[in-house]
Every structure is written in C-alpha cells, then in structure tokens.
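Both complexes below contain subunit A, partnered by subunit B and then by subunit C.
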Partner chain A sequence: MTTVALSPARRAWLVVADQELRDLWLGGRGLALTFAYSLLLSIITYLTATNSVLNFLEQREAVNLTLQIGVAFGALLVLLTTADALSGERERGSLESLLLAPVHRADLVAGKGMAALSIWLVAFVVSIPYLWFLARGVGIVGVALAGGLVVGTLLSLFLAGLGLLISSLATSNRVSLSLSLFVLLAFFAPTQLPSSAQQGWAGDLFIRIDPFSAGLHYLGKILVDGHNAGQEIAWLLSPLIAAGSAVLAALGASRFLTLRGGGPS
Partner chain B sequence: MTEAALEARGLTKAFGAVRAVEALDLAVPAGIVLGFLGPNGAGKTTAIRMLTTVLPPDSGTFTVAGHPHTRPLEIRQRVGVLPESAGYPERQTGEEFLRYHARLFGRSRASARALAGALLAETGLADRARSQIGAYSRGMRQRLGIARALVNEPSLVFLDEPTLGLDPSGQRQMLALIRQISEARGATVVLSTHLLAEVEEVCARVVILNRGRIVADGTVAEIVRRAAAPRYGRVRVPPEAAENALTALRARDIEAATNTRPGELDLSLRADDAEGEVRAALRALLDSDVAVLGLELEGGRLSDAFLTMTEQS
Partner chain C sequence: MRHCAVTVAALVFVACLAVSARAATVLLQSKPVTATIGQLFTFVTTVENQSSSPAAGLVAHLNVLSNDPGTYVDPEDWSSHRTQYLPTIGPNRDLRLTWTVQVVNSGSFSVYVAVLPRHGAGDVVTSAPLRVTVAQRRTLNSSGVLPLTLGIPAIIGLLGLGAHRRRS
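Entry: the complex of A and B
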C-alpha cells in the first residue's frame, strides 16, 4: 500500500473559508442576496433623496436613515447565511463528511463564519455610491462610510456568531432560520421604540445595552448631531462586547456540533 | 504478529433509553475485508460512527492502527468512510468536492487537484469530473463517496451500505471496487451491507450485530456451522420409483416427503450433520435400486445463518 504522510490542514479554517466563498459567490446565492440588497438600497435612497429635496428630511438625516437600513440589512444577510451554514449541511447529509476530516470543529465554524462575513463587505461596497450620492455637499461622506463600516462589521460579527451558534445546535434548518430571525427581531425591536421610551437613565441604559440600538444610535450621533466619532465611542461598547461574545460562543459551541443537532450527545 | 487495524473494547452508546450499541468488543486484523452485518436498527451505523470518531462513545475504548480514541484527529487521518446515505453539495463538481476534502487532509492545491483526478479515474468518474454532483446518479454518488473515503490513503476503510439503492450491475461494480481497495491498496475494509451473497464472496470474516450486541464473529463457514441453520435437500428419482424411495429413506430415519412435482422428494436434514445425512440418503436409495436423477442441497448459507442468529437473539 502506498501511504502518504499527511498531516491535517494547518490553517483548515482558511481551506473551509475558501470553499465556502466559492459556494456562496460562484454558486449564485451571494449574488442574489446582493441584488436584493442593492434593490432595497435603491428604493430607500430614492425615497430619502426625494424627501430631502422636498425638505421633509434634512440631508444628514437622509444619509443616516439610508446607512442604518444598509447596515441592518447587510447584517441580516450575514445572519441568513450563517443560520444555514451548519444546519443546512446537516439537513443535506453532508455534515458527516466534514466531521470526518481531521480538522477541529472550530475551524469548520470559523471558516464558514469568515465566508458569511464577505456578504457584509460586499453589501458595504455596494452601499458606497448610494451614500456618496446622498451625503455629497454636506461633508459627511467619509464619516458615514467609516462609521458604517465599523458599526456594520461589529453587528455582522455579532449576527455571524449568533447564526453559527444557533445553526450548530439546531435540529433542523427551519428551526435554525426561524430562531435566528426571532432573535434578530428581539435585538432590533428596541431601535423602533418611541423617543419617549428612550428618555431617562433607564431608557439610556436600555439603548446602550442593546447592540443594535447602541450601534445605530452611534451613527445618528456622528452623522445627524455632528458629534466627534471618538467622543461617542462608548456607544460601540455594547456592539463590541456582543460581537466578541457571540463569536466566542459560536467557536465554543462547535464542540457540540453533532450530526443530529440539539447539543451534546 | 501483525498489528490489529481496529480494536474495540466495551464500546457502548445509548440514545436516551435506547441502547444502540452495547459492550462491543471487536478486533479486526489488518488487510482483511470484514463483513459488518445486522438487521436494520442493529447498531451498525452507530458503531461505525463511534469508530470513526463522529460520535463519542458513552463508555469503552478503541484504537485504530494503535491510535487511541482519545486522539480523534489522528484516527480521522487514518480512516476513510463512506457514510450511510451520505449527502453531497449539489452545486459542486465531483472534482471540486474531492479537491476540497483532500485539502482538508492537508494536501496542497496542486496535490489535491492531481489526487482528485486520480481518484475520479479509479472510481470510473473521470468523464463526469466537471459535472455538478446534482446531476450524478445514485451509483455515481456512491462511487464519489468511495473516492472521498480514499483521499487520505486510509489504512482502514468503513463502507456503510455502499450498495444501497444500486441496481444489480451497480452492485457488481461496487463490489469490484471494494475488492480493489482491499487488494490493490492493501487497506482493511469494514463493509456494512445487506447483500449477504456478496459478503460470502468478498469477506474473510463476518461480524453479525443484533440489538447492539455482537451475536456472531468468525469466518462465513464458522458462522454457518455455529448457527446450525436448517438445511434442506431435494432428490429427483423416476416418478414410478418415488414410493419405493420414500419407503427406503424413512426406513433409515431420514425425514422425507413427496412434493407437488412427480418424482421429487424433499428432505429435512439435521443442521449439525447435513452432509452425513445426504450420504445416508443416497446410500439408502442406491441400496433399494432407485435411480437418483438429481440432488440439490439448500440452506447452510450465510443468509440462513444470519436469519437464524438475528431471530434467535
């Protein structure tokens, strides 16, 4: 017998990410999601631009609104991709082949997470011309892009971790997708609270704790109120902690990645 | 003495109240094809999943080529597996799928590409290398699964129902491929299947599992003998001599009866000495001047032993 001295892939997560990126973008799914994203952004930009022309919406507010929707929807695409990442393999019966590879399960999770994050980066690139169009003339193009990139990346990391965590443990793809969307709505709901509910120390604390509210609030502060990005950085604490915790939880839960789902067996 | 390819002691796995595998003890010598048999739900797939480190055992230990189960990455480097009802990414091509898995086993891009091509050729899929797996037939998917099981040049290959859903021609091709893995590659093969006639043909040793426990372990001949499965004989004599033949056989305490075909007699043989009884029957007929036109022996095959052992336990 000819034996080859093989050792497991040293950076297995890179091999996984490489293949996942091919599947996502060459398989067409990523392009379809990006198309839907750009369609939504076009409609929002049209509405905010016309409102701005009619003086119903101040230009800075138009930029902020479009950016917030872009960030939220971009992060949602990451969640949709990661929620399917492992439970989808489980449902298609292809997870066992991956579990038989001599790589740590955390590498599988990390590789899939990295590939899913690419959808946010592409969405961000797609949003640049829209933001430039809306923000030209008020001098906030750079701030909007930088702020959007930071907040969007943190929220995408948070949702990527969350989606992978749920997908690792879910017993079916349907459960994974529904649970992920439910959790997303739970985190997103506070952003829609009336301003009266956001007053006082309790309201302030609530907004600061919820990563979505805090991140989007930060964008409002630097774009609409014109505050310095560094001065308001405390608002990013919650998205940062949420992103780190979700990613660590997803990597930690990879130990319980099983064929049936449902946690340790 | 050659090192065992696989050794398991007291391997147990339960799912809630259901004990899927109970105290499995197994030692598989290197280089053989082992038939791993059992009725549906016997625990074969669970046992294979434990032995390939996909499922952790509740208790017990095992080693693969001397590597303990506590080092799953080392074991996965040495085993190749065709899982039962394996699924495949429909949009990937066969070549892309194999390349990906070869890279997970540490191959460089170039080496993975070359290996994928070689394995596709070996499994007869070279002409469909660039077709999407979604367009593959059931037989092609099974062969792709076997190619995937060989990406790491394994010393131990587990094939869980490789002939499931294949037509007779596909089954023959698959068995030829299994022989090739064993003979040309020198790998030990653990073959789980329901095709018992083929197991008799290719397996040097057989283990029968029932309700999570091993109920038989040995060569086909040993298992058949141990099972004491019932055997039957059919003797053909001239129709006018059938009555004489019946009398002669019964006179020697051989259980015989006529059947619907003229001149045919059915013999019920003692499982522990069927051949001796057949000899006695022939002698009785010849002594009575009854011409024997034909003789067939039935039973005494692995399938009979399988049914006896799995129904008894």
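Entry: the complex of A and C
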C-alpha cells in the first residue's frame, strides 16, 4: 500500500516513486522477480555455452539470443509490476486513501511508473555479467550493452505506460493482468513470423510498425550483422513512438482513475 | 493462312525458350573461400547471353552440397534467398548476380548456381563450383560458466532472504 505525505520541497511524483520503490524492493517482490529473471538468464547462458546444439550457433548469435531474451523478459517484469500498480491498490482497498491524498493523479501514475521502471534497470544490471561472458570473445560487449539498454528502456517505457493505462481503467486486478499479458503476446507475435513472411514491403512494414519486432530486429542488425548502430537507427522509430504514446496515454488516463475503475462514465 | 502464322509464332516462341538457357552461360567470379562456421560471405556470378536474341524467362538457383559423404547439408540454412528470377538479358549482354551465403557446417563444400528457363523445354546450365572450406570452431569457451550461472541467482537469493528476515 502506498501512503503519501508531501513535503513542500519535493515533487509529488518523487514522493510516490520513493514509496513505491520501498514497497517493491524492501517488500521483496522486486527481488523475487529479479531472482526468477537471473535464473532464466543462467539457464540460457549455460545451455548456450555447453549444449552442443546451441553452442553451434555463431557466437554473435548466442549474444543476440541472450540479449533479446533479457530485454523481452526485463520489459515483461515492468508490465507485470505496472499492471498491478493501480488495480492492485483498488483490489486491496488502499486506492481510496491514495485518491484522497493531496497528489495530482498524473503524479500518482508517474511515480508508480518510475518505480516500475527500476525493475528493468536492475534486470539490465543483472544481465551484464552474462552478456560479458558470452560477448567477450567477439568484442561486442559494449555494443550489446548499449543496444540492450536503449532498446530495453524504450520497450520498458512502452510497457510501463501500457500497464498503467490498463491498470487505471480495469475493474479488477485479474482483468488488468490478463489483458496486459494478452496485449503483450499480440505485440510479441510478429517476432515469431517465419522469415518468408518477413520478406517484401508488407512484411517489412509489419516488422517496422510492431515496437517489439522492430526493437529486437535492431539488436540483431547491430550484433549479428555487425551494422553500425546509427546506420540502423530507423528501426528504433516504432519503439520510440510507442513508448512516448503509451506514457502520454497513461498520464492522460489518470484523469479517469476512479475507485471502481472502468474508465470515464 | 492465319492458323499457319499463329503456329509459326508459337513455334518461334517455344524455340526461343528452348534456346534461351542454352545460349546463356554462368560464370563464377569468385575465388575459393575459406571460412569459419557462422561467417557470411558473398560471391558473384555472371549470366551471359551469347545469342543474338534476348534471353527471357530465366531463373537462377543456388545449390550447396558437401564434398564429403556423411555431412548433411540443408541449403535453406545456408541462404534464405536461393532463387533469383532474372530480367530479360539483351543479346550479347550479361547480368551480374550477387549471392550471400552463411556457412553453417564445417567441412568441404561446393556451391554452384544453375540457370534454367522458367517454362517450356530448355537445358540447365551451371556455373563452375565455388569451393568452400569451413573450419570447425567451438564458438564459445564454456569454462567458467558454472560459477557465473550459479553465483548470480545465489547472490540475489541471499539478498532476498536478507530482506525477508529484516521484514520479519
């Protein structure tokens, strides 16, 4: 539960973020999610390094595989956190006291979003040793880390905005979580398209429009194909627009944040 | 008379198709390649139309085979763009074709390009084989992976336990 006591010198969203960060990390939920995330990366790294089939991959592809999984699951953790942020308070009966606090609702949403983004930053820090281990032999540690940070941050911002938007309007926590995961799967689906379906202008457009496909494709271009990061920067347009739109939508929807949910009536 | 003209035109068309591939030759423009697994390389072939009439409706196809028995090769793994439908090549003109290949097996291989007409009769003409020697390479040194993959979850787990004890 978040309780807000404003001091005049601090911005309201910072106070909310501070309280949410304590809840997330001292409450243990953040560490539990990070533990699961590190286990996943450990399994992927171990298999990549020792399994005869996966180690058959070119080393750049092994780095790309691990980084894409790290970015995708890091962003997923942000979505899980934000999808619970407001609908969870509503379900636990603590939203009323939050809404009565002298805080603008946009500050409330921004503070919760900032705290949720911390889980991506921690996930990224956790992924550094794995990426270093895999990428050290081919000299792409820096590119992998920089690319992963940029793409992961954009996708995390997008999912943070999306999760908060759904959570602020959902009537129950279950609806919020299931709808968020459904939307996430819909965005992930194009990444599984067979390569033949990605050919031609329609396939290319489809991949460029979907922020997940575009972001992960960008990582593949700079890591596997060895392209310059600036040369392929157009692939980041879709994640950038999606991140900005989702954050603005979440802040805009905060006006309709009510005790019962369900959006504007 | 009219039927006769149509028949002659059809015969000429079929004949053109039949000679189009035969009149074309495929020249390999690259030297033998030495690579490691996963490496991408490109090579160039030139399709020459040596006849005095245009060569239309040709298709070029890339093939890969292992020179050693026992090595399975799936050409789809080597290149996802193995077929090129060629535009009409003018009389005594040529067309450069660039092929990008990623080596996915170790050993000795031959890569060649075949050109044939898309419809009707005609011969298949092939390029000289491009010899590719691929060195076996273990892509990742796995030593040291166990401490890493066990250590990081262990550290985070201990932090979580510490936080839990502090709360309770």
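The criterion applied here is as follows: the second predicted complex is superposed on the first by the 249 of 265 C-alpha atoms of A that agree within 3 Å, B and C clash if a C-alpha of one lies under 4 Å from a C-alpha of the other, contacts with A are read in each partner's own complex, and residues count from 1 in each chain.
Convention: a residue touches a chain if its C-beta (ideal position, glycine included) is under 8 Å from a C-beta of that chain, and two chains touch if they have at least 3 such contacts.
Note that the coordinates shown come from a computational prediction; the quantities given were computed from them, not determined experimentally.
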Between subunit B and subunit C, whom does A:H217 touch in the aligned arrangement: first, second, both, or neither?
neither
Using the touch definition from the top, say if A:G137 reaches subunit B (first), subunit C (second), both or neither.
second
Between subunit B and subunit C, whom does A:A62 touch in the aligned arrangement: first, second, both, or neither?
second
Quick check on the superposed pair: does A:T48 touch subunit B, subunit C, both, or neither? Answer first, second, both or neither.
second
Is A:S38 contacted by the first partner subunit B, the second partner subunit C, both or neither?
second
Which partner chains sit in contact with A:V126 here, subunit B, subunit C, both or neither? Use first/second/both/neither.
second
Taking the two structures together, which residues of subunit A meet both subunit B and subunit C?
27
Residue numbers of subunit A touching subunit B in their complex, please.
1-4, 6-10, 12, 15-16, 19, 22-23, 27, 92-94, 96-104, 258-259, 265
Residue numbers of subunit C touching subunit A in their complex, please.
37-40, 80, 138-142, 144-146, 148-150, 152-153, 156-157, 159-160, 163-164, 166-167
Considering only the defined contacts, which subunit A positions touch subunit C in the complex?
25-28, 31-32, 34-35, 38-39, 41-43, 45-46, 48-50, 55-62, 126, 129-130, 133-134, 137, 195-196, 225
Applying the document's contact rule, which stretches of subunit B touch subunit A when the two form their complex?
15, 49, 52-56, 73-74, 76-77, 79, 81, 83, 85-92, 96, 100-101, 103-107, 148, 152-153, 155, 185-187
